[in-house]
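Chain nomenclature is as follows: A, B, C and D, assigned in order of appearance, with residue numbering initiated at 1 for each chain independently.
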């Protein structure tokens, strides 16, 4: 087993803090991507950026204003124009490819790189504040650890180059955009650069797992679909001509009730939430408009699809009931795919050899992840996929303004991913 | 002015009590119609029964069981088979026609003859109980005074014959079926026997008007539509497979809310009521069915039509929302038509001459009446129409099990209708 | 292992067909109980009937009319007046007690004896019809197999007497009333005759388990509460004075939506169903009343309790919203209690020795059972409890008008229960 | 009859354009009030400002930020500090009092002075844009004509002084704040400066009445209550712990349906509108909050009160149903009071003498007005009150960004009000 020197943590921390300082939300990771691509290219990887890999339709795009703002900011911060050109219009993310030239498996690692629209705390007990790497993009924050994921991806890339001579097959590392809101993976999964993968690895830091502990394989991500719904009715003076209005507020209220009253599913758990609703033009006006943000989840992809179908029925029916226009846009989605127990087992052998406390397989009933699209693609073409958790100490929960990780927990993640690469398929031999 | 002898009340009372004893609900007035037709024919009228006049589609038909039951009962009570043959299938009601042979106006009088599904009280203070003419059709009752209307119609017919030589033009008396639930008139109005009427008269006894007082013309009947709505979903075990059901109960609940939440109308008042709802097959079953009885009302026919359109949207939308079948059947309707002030004025002259306390014109905001269909037809072909009220003492409100009238108030109704016939159009000469 | 002679099936079938012929629904098992009690007493058991064991409040009582009807019918069929006296008012069910006089465990067997309000088919392919033991209580039917449960209970009682000399401790057999609608057990569980039980056995025939197969222990019964809800508002004429009404139909519709829109629970699955709703007095009347039958279920007793609390909030709130009276009565309930794996294991040893294909432990996610109250009592005082399934061929699903079992599957049930009695606690020795 | 010289229009226009240029919304009319008070004082009136007259609780107060902003702006524009001191905290508005010293009636004129939060058009066809008096308070606009009302009030005050010697009794002119949203009058009506008024006059320009035409008396203002409703629930992760949330969005949706489903009232028309709804904290969060703006209206004050009571029931009930906090604040209200026909008649005599085309009395079914509070007070102490309309050409409807009046229509308003003052009570002599 190869161990990294403790001092390598300094390199990782520097990267992580740099990403932390310049958080960019989904589809706007212009500077982040450019920095990563520069580094990967310098190490000798073939680097695919933006439209090279983002081949499908993108969900949950930001506004044109934000698009311009973050693009210009990246430019002003010195992002490489070569990469920016490929990212124009929000086509972010990068794929590093290394052909070893020796026969061997196709291996894909995936890390995510986007930040959240959260205002980072200025509390003095917050380490990024103390050590001066608090977000400089006011209102945005790496509050889910993707800064460390990006650093782990870079560290892995560098270590792979160092051990290049011992490696076989083709190695790919995907720095995926727009994981928050589960928007990015579905747009990338169709890229033929991701075809015929034999082994797939993804990970997350934190999520409640104890520091120092490694969970090799997981199951339980809920399939999910996120929708933005728009109701367009007709305004009328509520006192003078109430019958002339087409009440979009009332329609959205009734749709909310119908959605929340959908039945449970006997095949497994499900969730439906209308999270936000904004409707109306004034107290004395029959409301001509409403906007709703909702999400559906299912323990299986099929359950989630069942609720998508029900939602469509409800919204189409509401449009008829109130004689209004109702449109809905999918702004995020993930499927439910379990890790392969066999690959988790292989990974666990490596971690045990590294003396890392390991949970081989765990069921999480927490949330959703769009890495599942990639896992599903790999599995359906005969490959193996696993999603791991690397434990850490959290200063506060994910998506909290005080969120922070213990940086030293990044190091073993790279060790594990490097060593599994050297021992893949051994068992089978 | 012609006055009737007080003893003629005995004749009227005998008729009225006979009708009261054998109450028949709408479309089942077999015995009532046969008895009236026999009498009319004996006096020399041309009598049209059943299908001769019921030419349109009928709303709110009773069950086949009741159809058979009342038909057989009428037969066993000796109803003339000649008339019964014309009424088979529930085509009840009669039209008496008298051609005077002298040029003159076409005049139509209309009375209604159906009873209600109400169990008549056995209270000893109830006059029909005391005098032994309480309903013999248990569960049915003349609780709205149509027994007296029928008697007034017969009395008028007899008096007209007595004064035949003084009369001109053509005189018709319609004994209309199924006024309760506003079902009958819409099925008869298209009959060409009712074309080109110059003067139309209808009346109601009671309705809160003081005994002895006559209201010559009225306005304010609300247009209305009555619907029966059926929801057909799919049953499923609520514990084991809730997602397999299509919940008709939930659908009907949501439809109810949507219907009651329809906006008011700036052109006038309106009413919407889901009066009954019966849904479900068992506590632990996703409800596969629901039935709803509703009614809409509008100050104008147009307002009522607005709500009919809204109702259709709601029910069609609900069907889509819940992926169920929703069907609705119109089981009653009336329009909103005001009396002609000019005819009310003529009538008032007659009543004043008869020394009857008279209100020339009054706005009632009470309910609905399907005589409005006939009034509308008359007015649209250039004739004049009025709907009058003849005051009485009510023992209890209309549709109450203790309802009863003061019989002597039938007499002036006939005097008024007879005398107006002798003075019609005088003013214009 | 003791095996019963095949001819003993004739005895069992005779009992079962007799019970099938006279089905009595919950709290009305007058004849059934009397017949069982006579038999038990004849064999030498101490027999406790009715109020001797039904010590708690009873849920879901039938109407006074039915109470009288079934009581009189039982009397006319010759039910022993001694037992009838103890059952007056619907206190049905019996407990047989046998003190062996030798030190040993307290063992309780429980079978249920009530029928369902289902009209049994007259189809010639229906065995009870062919063999002339179709229900003579028209409209009621043993459509869930409790007739066979009662026969198994009697057969066990007889066999125990035959092997009395080999037995130790105290043996009790409970013939429980009113399991349908999960009403009976909660009323009996507090009886001190059921204290300090060491071993508890209950079973069900059918439920989808293959004929000849025995499931020794089960888990997965959902905790449940059944409620009848009554809404009392105020009638008003919907056209004339809509604002004077207090709309119970609208209130119940809104309550239905709120109940169905309750959130899922992260601790496990749940079910909420408003199964029936009947509201209103007439199309043109603001509905003064509504009645609702609903049920709640939870994977754990705590989850079910969570929804009971939510339901109370909703109904109390609805009462305030509509200024009406809302009352709710619990008419059934069961808790969620798993079988003890240790006892299932002991039982499985017996069945394997009897060469009966056996599933040691199975999770059912089907429905609810009030035997769980007894299981919970036993476990909480340190005893062991298990709920078994005895497979059979079903002619149609439970609660279907064509339901029927394969009678020969009753025999092994008695063999198993008899043999386990002879081997209880052996392992521990 | 006294006629004003046509050139006086220049004076009026200058005032009106100045007010138009500096529009201030309700409770923030600091500069407007100060300017008016300066002028009134200069002419010799006793002037009561702010807290001198605003004695009741104020509804619909603006934010502290806006309070400060408009106050500072008024100061910077040179508003008299003497008046500003009395208005601190948003106590705006002024009352001019003139004691003639001769016995005579107490007369009160009322004009309103506040603007709307509407961004005025920059369209070149818009006269204020062409003539350079478009709003300088960006986002606020005199889009309802209150700038002309204020000018009419000032013009009347000046003319009264000119004819002081011919006048008797006490004359008061109220420049009322915060009429928009019907907030101001209810806070002022209790002032004893407004006690014992014999004659009360108010007016509005526009409202669809033809230019040059004067409506002397009106009826039909709907009583109204405006409420802001706040729902406070509890956030929870919608995927992980849905049962821990208290869903304020769902609660507000259900409240909306219940409010819109309130029945019509048989005593007259009514309106209920939930105009805006804003709820929720994020797509994947059980919504912890909601805010609703609603209004109720009734043809009579009693009808409106009926709906207020219903609203309270609904909101209190919703709080119980969802176990959340629901609070509601009345932010505006008006009652329904008809003009006195007798006073309208007197006024009409004056206008006819002035050769102004006059409608003596008209029923408007348009909206609401809080002058009704003052009218009610006057009438209940035995005085007479009328609300008039002065017709004009409107460039666009009230509250539209292109709204504009024909300035010359201000002149006759002053002539009418001046002349009626000279002829009050003549008839009675």
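Just so it is clear, a residue touches a chain if its C-beta (ideal position, glycine included) is under 8 Å from a C-beta of that chain, and two chains touch if they have at least 3 such contacts.
Keep in mind the model is a prediction, meaning the values are calculated, not measured.
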item	value
Touching both chain A and chain B (chains)	C, D
Farthest-lying chain, centroid of Cα atoms versus that of chain A	B
Euclidean distance of C-alpha centroids - chain C vs chain D, Å	69
Rounded Å distance, chain B centre to chain D centre (Cα mean)	50
Per-residue multi-chain contacts in chain C, two or more chains	240, 242, 247, 250, 254, 257, 260-261, 263-264, 266, 271, 286, 365
Residue ranges of chain A touching chain B (in the complex, touch as defined)	240-245, 247, 250, 254, 257-258, 261, 263-267, 286, 306, 313-314, 316-323
Contact set on chain A toward chain D in their complex	181, 222, 224, 226, 237-240, 242, 247, 249-250, 252-254, 256-257, 260, 271, 273-287, 290, 293-295, 297, 365-368
In the complex, chain B residues that touch chain D	257, 260-261, 263-264, 266, 269-271, 365
